[in-house]
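In the two complexes that follow, subunit A is the common piece, with subunit B as its partner first and subunit C second.
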Partner chain A sequence: MNKKISKLILGFSALTLLLVGSATAKVDGDIVTLGAAVSLTGKYSTNGKHTKNGYDLAVKRINENGGFKVKGKTYKIAVKYYDDESTPARAAQLAERLIKQDGIQFMLGPYSSGLTKAMAPVTENYKIPMIEANGASRSLFTKGYKYLFAILTSADQYLAGAVDLLAEKAKEEGRSLKTLKVAVAVENDPFSLDVRLGAVEKVNKYKMKLVLDEKLPKSLDDMAAILTKVRALKPDLLIVSGHAKGAATAARQIDQFRVYVPMVAMTHCDSAQIEQKYPVGAENILCAAQWHKKLTYSDDDNLFGDGNDYVDIFTREYGYSPPYQSAESSTAIQVYVDAFKRAGSFNPQKVRNAIAKTKLQSFYGNVKFNQYGQNIAKPMVLLQVINSEYNVVAPTKWASTPLIYPRPK
Partner chain B sequence: MDSIIQFFTTPSFLMQALINGMVIGALFSLAAYGLALVWGVMNIINVAQGDFVILGGYVAFYALGISTPFLEALQPNFFSRILLTPGILPLLSIPIASSILFVFGYLLYKVIIYRIVSRDLFTSLLATFGISLALQQLMNLSFGADVQFINTGLPTLFFMDDLVALPVVRLFSLILASILSVFIVIFLKKSKMGLAIRAVSQNARAAALIGVNTDRVYAFTFALNTAICGACGALVGMIFNLHPYIGTPYTVRSFMIVIFAGLGNLPAVILSALGLGVFEESADFMFGAELRLAFVFSLLVFVLVFRNWRLSKKREYLK
Partner chain C sequence: MRDFTKNDIRLFIALCSLGLVAPILFPAYINQLSFAWIFVVIALSWDMQGGHMGYNSFGNIVFFGVGMYAAASFQILPFFSLGDWTEAGGVQTFEHSVSQYFSGYALGILFAAIAAVATAFIFGNLILKMRGHYFAICTLALGVAIGEVFASIEILGAGQGLSLAVWPRGFLDDTYRRLFFYYQGFLLFVLCFLSISYIIRTRFGMTLNAIRDGEDKAESMGLNTNFYKISSWILSAFFIGLCGALVGHLVGFIDPIDVAFSGATYGIWMIIMAIIGGKGRLWGPVIGALFFHAFNEIFWTYFLGWQRVALGLIIVIIVVFFPEGILGFFQVRKKSSVSALSTQPQQQKK
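Moving on, here comes the complex of A and B:
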């Protein structure tokens, strides 16, 4: 008897879920709802918050300006969020839920390559476009996905520029490139391995010597052994990548073990705030960044203005200066709105085709996708910590300050 | 192959591996000893051990964060000048973290742990795993997911033509870990509570029969464990990093050390922790960071197989 009742209840609730699910749709009256799973808890929760704040700020700004027009009718935007708990399995589940139960037809990306990798097969399967701003792994763009678009430059480009910079400086000094030694220490995760790949390709191109090539286990926050080897090998360039933890460990221990390398380059300096927390070790370190407020891009749609305006607006809203993770997330929303307008429709297929033809400039940079969905119109920049502040030093076109090389001993 | 030869022919590498390994080993020996204590006395494998360590680190971090600006704002006097000498406040934060975690452990026992003491191993594993998850998320919510560390302002010592570096704070941890373990041994051997703990670990029922309050002994043992974790955490915060989700490696490592050493054998725990640390660092020099953990875990498998083989020989003898 009991079993029968519970089966009945189960069946009934499943039915209601189905009914409720199909009742909500992506465009309800004049509101277009985008779907996103971001990490509000778990190990990515800091960057998850930056991502969400970036999305929210753009949405708020668009709606305050009265929304946008598609075929003469004015629409506003909303985002439906779930917490993916920083785990790929949960992210994939939530993508499924957003699309099937909540009827979402336009997706935004989560934070990190790993989670984007987990969600992409789902959105691809349902032919729902996803514009992501925080998954940089190269492998996202080699699977032939048709509905995935990335605002940011892929991971292999992060520190390739540092090798270029070393080559440039060596040429100025009249040194042969073959005598240059490069040491690489990266975390063993998809993002950092891509960073390594890009840098190593450049090292091979210039025929430099790769004297150290280490992959750090994820659970390790000690680089003492690696730094001892670096001290003995005396490389000209040390490349480190391992998210905020890697940057924090390296900046601190380079100082603590007093290891001298003329050029040190790493990723995620700003999310680790190395310039504030380890001011001595961080001085003159090169940091890869997707964006910096001093770059002279400005919005085509006038939503924020230029980089400095964005920083002002963001800081007023959230009380802290935006990292690039927020900036690129805001631009993801701008790209959607631009695509809606050009598509003149909310049909996912038509919107997808419009996104593929995107050609715009925002405060964050130019956006233009290649056939794999990568943004090819925006270069990475290299910042250098000088007097505990970030300054753009490369590429030369955008440089605001000359590079300090070699790092003073 | 080159790197193996290079390792054994470069004295500075050998020396650095030895120093780093001992430091890591000393830290792990603290966490491992707490684990062995709780395991041996209460028959609980505490999966939340690493999270207690990290919590201890955060307590020390905030204790410093609050007290330093306060002392700096005061009129400089004799005491504040002593306290603000580099290294003094961080050193004081260790007993602070330890005592706060002692209270925390005691409360945790009174709320949750006492329910699982007499249960089977599976229940205790599940319960402590739950505590671990809850603690991680609580730390994330209250302290944020940013990477933090405790700045001691202590210098680095250099030896052998400046090729070997030893940050003073690492030396601290080595000394402190040794003092603490000696203290724990004396406490267990000489004090009344230590005697009671040992009695309960040998036979809880018999101990209860002769009038030992087993519940109090359990509560104290568990609190003692969290206090040790607190001290270990403060040192971890000074040497490595603090992050709400990096507790697990400390749990795994201490679990491994206890398996190595066996329960109820403090010198063996300390020795195997130091040995493991040195071994791990050497593996890093020889095979690269990538294979470091793989090497350590294969060693564990080897030791387990070896032990089993020896035991089976003994069984034959008994037959």
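Moving on, here comes the complex of A and C:
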């Protein structure tokens, strides 16, 4: 009997070791393999898919254009994916696995701040550069990481602009800022808490009143209790942040419960496609975005062209209009290619140093990192849903349409 | 009371030898191997109540999370302000020196054990008087509730989570870091296995079986069942708490719901592993955990995006066709077995 068990145990161990795949090199012949763990299942699966599509599109485009040259030799790109199931514990394990077992020396980020927080210590330990496009929490940049580079603006700046906008409008109307009431409802996760932090700092700066400061329920599928309070408190601005699911719930229930707030600002509207799914509730909602197709940036490397070109190419490939999560993910690949070319090598340390010195413009915006690995060359924009279309309303430099305020009842 | 058979000893020695040399043979897999031992320990510990005592607890994840938070925070506390460390949007960076890291580490491990044991003592007194489904549902709710509580404690980072101290910069090569954690996981397995295999052979273990087979009868024979139930839960908490501490360090970042009090992953896995292997049997959880971990890893590689479906199917197949678990299946086929593998229900009843 025990022999059987010994055999079983040995069998399993052998099976694992054989089947989990053997280590391969990251630069094999003319293929450079980047590693990524993205959320294909779990609560972030929608945005995980947008992230993956963004990476894939850039890779496809680069390879179709014949690859890129490093020291006269042409290389192509591939990405090795795993599914992190939207859980940080898994993300950290997969980062280890990509580096130790799959021999990956260049990492791409996962989706969300929490998962990036879990992967960053691993890449840091192994001194493997990671360019991430979807982890915006400020706390990512206070750990002294040297190998983490984020091409997006940090989370605290997402909706701070909405508070500015409210202050601006109130001044125009001659209202005292002290009379303005702001309600905040966010998910209890690293990203959304940072969004809240940035907004609340602004509220305090203008001495507005924070009349509601609540956490969305963990499942993010019902915020009726919060909206009931909002109805009673009559705030001038309602801020909601809870990734795609939170945005969808808010847009749906604001309409369902007929809650009226003159200004509503959210994150992740476009990745939740609220303008299509809940056109009534979504109308005139303000959305924070890292990028919009109407911004006048274009690729230094001519990979896609400008924002509109990117939207066309993406839509042709995947059948839907790209949210900014895809755009920034595509640019992460562009930044890598640019760094490979400048480093003239695939040595992780050299590539890391090249990334640190990045200075490029893509269709998505400018990329330039500060010493903490944060992209400081690109502002956030605020979009407003007008007739089920996103229009840039702030900052003024790029505003294509005047803000509709207050939202019509 | 049954002795440890020669075969058991041989098997254990074989497994230990394998455990000792595995990281040298498969250096790229140290991390996965560490998790393998941890999985074995949490499955074995869960089986103390779930299998031997017949109390299906869905709440042992509480000890896991409490241990994880205790280990992380007591490593930080003596040297830095925990409030500053976890402050949302804080701008300070903190680095442990080598001595700070390891003294804090030891303190953290100590407190992980203490906190988990204390939690088991408190909640054991409160809820172990319940039986059957009531107990199971209560522990399920306990796991969820404690997770939510931790997700709102500001000083522990609340929903922002808590990043653990990073391995001191420039101290020893990374391989040593991984070996450091690996051998702790391995040691934990040895300790846990030996304790449990000893305990289930004593009067204490017999009492646990008696509670499973008929608690009222056990009580009417004058056994203080409450004492035994709480003691076994405490023992289980001790090991699971330490596993939590280790997993915290291996993952490096604690999210209150998704890592520490993750009922949907570790919480339910510890039960599944025990069931797959065969609960109430010493080797059952060991085999179940190794099987589960192996298949988990394989599915992640080959069924991208479908790994949970594949794993779910395997579990369904095992539950339907091998209700007694893998080990139970072999034992039923070979009824003659008199090995010590079986503190098996049927044999106990004789």
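The criterion applied here is as follows: the second predicted complex is superposed on the first by the 385 of 409 C-alpha atoms of A that agree within 3 Å, B and C clash if a C-alpha of one lies under 4 Å from a C-alpha of the other, contacts with A are read in each partner's own complex, and residues count from 1 in each chain.
Heads up, the rule we're going with is that a contact is a pair of C-beta atoms (placed from the backbone, for glycine too) under 8 Å apart; a residue touches a chain by one contact, two chains touch by 3 or more.
Since we're looking at a predicted model, the values are computed, not measured.
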| query | After lining up the shared chain so the two structures overlap, which partner does A:K215 touch, if you call subunit B first and subunit C second: first, second, both or neither? | reply | both
| request: Please tell me which partner, subunit B or subunit C, touches more residues of subunit A. | output: C
| task | Considering only touches as defined above, state whether A:K277 meets subunit B (first), subunit C (second), both or neither. | result | first
| task | Figure out whether A:N188 sits in contact with subunit B (first) or subunit C (second), or with both, or with neither. | result | both
| task | Tell me which partner A:A92 touches in the superposition: subunit B (first), subunit C (second), both or neither. | result | second
| said: Which partner chains sit in contact with A:A118 here, subunit B, subunit C, both or neither? Use first/second/both/neither. | reply: second
| query | Looking at the overlay, what does A:I226 touch: subunit B (first), subunit C (second), both, or neither? | reply | first
| request: Have a look at where A:T46 lands relative to subunit B and subunit C in the superposition and call it first, second, both or neither. | output: first
| field | Contact residues of subunit A, present in both the subunit B and the subunit C interface | value | 41, 188, 215
| query | subunit C touches which residues of subunit A in the complex? | reply | 1-6, 8-10, 12-13, 15-17, 19-21, 23, 40-41, 81-83, 85-90, 92-94, 96-97, 100-101, 114, 117-118, 121-122, 124-126, 137-139, 142-144, 156, 187-190, 192-194, 197-198, 215, 218
| field | subunit B to subunit A touching residues, read off their complex | value | 10, 12-13, 16-17, 20, 24, 137, 140-141, 144-147, 149, 151, 156, 158, 162-165, 167, 239-241, 243-246, 248-249, 281, 284-285, 288-290, 292-293
| query | Can you list the subunit A residues touching subunit B in their complex? | reply | 41-46, 185, 188, 214-217, 219-222, 224-226, 228-229, 231-232, 244-245, 248-249, 252, 256-258, 272-273, 277
| Given the complex with subunit A, which residues does subunit C contribute to the contact? | 5, 7-8, 10-11, 14-15, 18, 22, 26, 28-32, 35, 88-93, 95, 148, 151-152, 158-161, 163-164, 166-167, 174, 177, 247, 250-253, 255, 257-259, 262, 265-266, 283, 286-287, 290-291, 293-294, 297-298, 300-302, 304-305, 307-308, 326-327, 330-331, 334, 337, 339, 341
